[in-house]
Amino acid sequence: MSYSSQEMMTVAAARALSNSDVCFVGIGMPSAACNLARLTHAPRIKLIYESGTLQTRPDVLPLSIGDGELSDTALTTVPVPEVFRYWLQGGRITVGFLGGAQVDRFGNLNSTVIGNYDRPKVRLPGSGGATEIATQCGQIFLVMKQGPRSFVRELDFLTSLGHGRTGRERQRLGIRTKGPTLLVTDLCIMRPDAETNEMTVNSIHPGVTREQVRANTAWEVRFAEAVQETPPPTASELEVLRDLHARTARAHGAAVGES
Amino acid sequence: MSYSSQEMMTVAAARALSNSDVCFVGIGMPSAACNLARLTHAPRIKLIYESGTLQTRPDVLPLSIGDGELSDTALTTVPVPEVFRYWLQGGRITVGFLGGAQVDRFGNLNSTVIGNYDRPKVRLPGSGGATEIATQCGQIFLVMKQGPRSFVRELDFLTSLGHGRTGRERQRLGIRTKGPTLLVTDLCIMRPDAETNEMTVNSIHPGVTREQVRANTAWEVRFAEAVQETPPPTASELEVLRDLHARTARAHGAAVGES
Amino acid sequence: MELLNIQEAVARFVHDGDSVALEGFTHLIPFAAAHEILRQGRKDLTLIRMTPDLIYDQMIGMGVARRLIFSWGGNPGVGSLHRLRDAVEKSWPQPLEIVEHSHAAMASAYEAGAAGLPCAIFRGYQGSDLPSVNPQIKFIACPFTGEKLACIPALRPDVAFIHAQKADREGNVLIEGIVGVQKEAALAAQRAVVTVEEMVDDFGPRSSNTVILPSWSIDAVVLAPGGARPSYAHGYYARDNAFYIAWDEIARDRDTFKTWMEENVLREKVRQ
Amino acid sequence: MELLNIQEAVARFVHDGDSVALEGFTHLIPFAAAHEILRQGRKDLTLIRMTPDLIYDQMIGMGVARRLIFSWGGNPGVGSLHRLRDAVEKSWPQPLEIVEHSHAAMASAYEAGAAGLPCAIFRGYQGSDLPSVNPQIKFIACPFTGEKLACIPALRPDVAFIHAQKADREGNVLIEGIVGVQKEAALAAQRAVVTVEEMVDDFGPRSSNTVILPSWSIDAVVLAPGGARPSYAHGYYARDNAFYIAWDEIARDRDTFKTWMEENVLREKVRQ
């Protein structure tokens, strides 16, 4: 069964989730991955959106973080201050999904500006929940399309902490959560090196070459000693994912939220 | 119609309340006074109990601050942290009712200990909500039976601030609420002197003498230039109050909540 | 609490130069109030909102704001807010000063405002560059553990508008579904106006813990059915996702935007 | 979350020397849990509760506590807690260290505990002597306004017990009516046990904003019908006000108290 690189990325991210996870979900790919996990191998995963919907089971993917669907299918819906104070800062979330316009080799993210903060070339949306998600979830899964302008040597702005500019910042700041333990792209899967915390290629998606990975990374990307080939999406994974997207498109009356 | 001194006290306190008040209510006499006001001249008064019941309309007096009756008849019931943070500290309460084991001439209260704190003669219940009610409600109405051991020269412990040990403490601490503007006893009504903030007798209940007031006050109690006689409870005030107590006694299966 | 129409509420409670929070976390966004503020030509506003969304994209594009306090400025699930970007990147139609936070910070700052406190503390901004561009982010040490905690000023808007499902005849307001920071915003503000879908005699049987703002905690109630469109009102109408997508095209171009606003927002005045 | 009986839950989660919060603000006081802690003979506990009530009067009188953190220690509407007084005034049956707060302080300290913070700030204790007898009350200056605010350590009990109306088959817990500080206490604790009136398959149709503790936020659920008596459970049974009044006589005398506890609490063990 043929599949897109976007589908490969979503499936690879979904597989990293388990039944015991309590997941802080962002819109777009993270939402697709989390709900794919819930509809396949991890039916007991708990999904939380920052709009306050606890343990929600949307039938279609939300366009926004606060669609009615999320509240309708949630165990309960709490105020937004409570979500950030009791649930995120309270240390009850095992996995947070993040992405951004730029990521560096230590998994730090920029979702604030391209260029100078005071005279930006491109003003991006900003932190939203990301800054505290990055430090308060048990671990962070990063999901981003890979490219030389987004996988950068140096961030224009550090919105959300990964392992810090030295790879050792979390320890220095007394942060006890793990930070980025996984970076899933449309080309490969990276994990932090046990020594340096540099995000290192562990698995390459079928049909992708090391050269492609290098060409799409602005830093000199490192490969683990034993690099696997990512198992391709199974027929059933693809079927569930495509059904989810088809239902979503019908519900929203437009082709949105792809993959 | 004959009446008890307890009834006179309750009625006098009730009369000080108006339709525009939002009232933080304690158990016992304050609860009786507030509900009497609600059932007579102030039907639109809003009553709040520290258990989180906002705008409640109990049919019988609660024995505890958190009886089911309070929640059943409330506009809504919020968590206790919210009551103290958003509603009391947020400055939304116009009147708080307080009493204690001891009061001094500036309306400061002791509800903590008789004797030394570390080796108390009598251990009293403690602050409960009183310490912050005293400083955060728009004004405070004190209600206490008068006696030389409770109307003292010097408190054993200052639990809740009135006008402070000098009469000027609120200003010094930057507190903008008024503090005790009224002290209703079974003998008389006192109000703070405009200059010194000393609680001063403004009105004496029918049949009570100045000598009785003096004998039941350990400090040299001052009388205002023009001391009124408190109008006695009307027949309709007494009827409503006695009905309320009769309903309460039937509901609780015992003669509780007297006054 | 007074029962007003939207023209009266805006005329009475919103002044040039005010700090204004129009809150609603995706759900119950008070568009009707925003549009009336535009029609009445208020200016020099400080706009406060966690997610500026289309509502502030419109206000910023129309030049009513000199300052924005926010934490996430995108079109949810779609992309950029082009008017917000144009103001920040190119000062069009006028420069926009930004005070930028994270969601956790804004939510805690509203909570502190509702609680009458001058500041909020939380564990935040660790390792982020945001404190270097926002002087309102400070850090204090916990006096018991020594832990460094973020501290920011409470949000206390001059006026807040929120939208809710129902008001009863006393002017109490009921909110259900995704309640966001609406209650906190209303309680934190000096003046609070609630637009509602519906007026009812009485809320009837309900859970003891229903989210209700008592009449005496707000300044005005305004009947405004559909007042949250194109966002949604749980139990009344769904989010107009197609419009959120269409907005990307409308707002991308300055002239298209102005024409759309002229035709769809400003001309409403004539009709009334 | 595990489904346990009360014996298992106490055996597993309560250890000698623990700090224990059995919360329930007048409503839903977890007496069944307290009685099992007494039957299992735990000692040296730090007891935490805003209102010690009869539940801690019993525990203190039986000598299980070395320390009490509280804010109002009376028998509501009745008078004194005689066992609490006897412990503080006469060290019977053993000395009791007290850490005394106001309600506003305790509520904020639970809120901070639930929020994972080391301390709580609030505007409190102004002009009161309480800070002079409780070294855990400190003051810090707001870095923006200079205002002096009270600051106290967050409450983070080793274990919390609360009582609730219902659990569903996943172990989620629903609380309704006067919710007090129960949710905060459960979330603030290292280990949280919820006793419930009833197990249901599913909570069924309900308000979106129902107060629910998800199964993954607590450690154990225990079916304990009547587990809040003589306090009450909204929707199940009323407060036994007559017993609260009768307790005044029972607890006034040491021997009467001990006999009553022996007959009505400790002997329960034999029956099971």
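So that you can tell them apart, the chains are marked A, B, C and D in the order they are listed, and the count of residues begins at 1 in each.
Criterion: a contact is a pair of C-beta atoms (placed from the backbone, for glycine too) under 8 Å apart; a residue touches a chain by one contact, two chains touch by 3 or more.
Bear in mind the structure is a predicted one, so any value in this text is a computation, not a measurement.
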{"item": "Shared chain contacts [chain A and chain D, defined touch]", "value": "C"}
{"item": "Of B-C and B-D, whichever chain pair has more C-beta contact pairs", "value": "B-D"}
{"item": "Chain whose Cα centroid lies at the greatest distance from that of chain B", "value": "A"}
{"item": "Whole-Å gap separating chain B and chain C, where each centre is the average of the chain's CA atoms", "value": "40"}
{"item": "Distance from chain B to chain A - Cα centre to Cα centre, in angstrom", "value": "57"}
{"item": "Interchain centroid distance [CA atoms averaged], chain A/chain C, Å", "value": "28"}
{"item": "Residues of chain C engaged with two or more neighbouring chains", "value": "111, 115-117, 122-123, 147, 177-179, 184, 208-211, 234"}
{"item": "For chain A, residues contacting two or more additional chains", "value": "71, 77-78, 85, 89"}
{"item": "Chain contact topology (line, ring, star, complete or other)", "value": "other"}
{"item": "Chain-to-chain touches, reported pairwise for every pair that qualifies", "value": "A-C, A-D, B-C, B-D, C-D"}
{"item": "Chain B-touching residues of chain C, taken from the complex the two chains share", "value": "111, 114-117, 172, 184, 187, 208-212, 214, 216-217"}
{"item": "Chain C-touching residues of chain D, taken from the complex the two chains share", "value": "115-119, 121-123, 136, 138, 140, 142-145, 147, 149, 151, 153, 176-179, 206-211, 234"}
{"item": "Touching residues on chain A, where the partner in the complex is chain C", "value": "27-28, 50-53, 62-68, 70-71, 77-81, 83-85, 88-89, 108, 112, 117-118, 120-132, 134-136, 157-161, 164, 169-170, 173-175, 252-254, 256-257"}
{"item": "Complex contact set, residues of chain C against chain A", "value": "25-27, 50-51, 70-74, 76-78, 80-81, 84-85, 88-89, 100-104, 107-108, 110-111, 122-130, 133, 147, 177-181, 183-184, 232, 234, 238-239, 241-242, 244-245"}
{"item": "Residues of chain B touching chain C in the complex", "value": "22, 46, 54-55, 71-72, 74-78, 85-86, 89-92"}
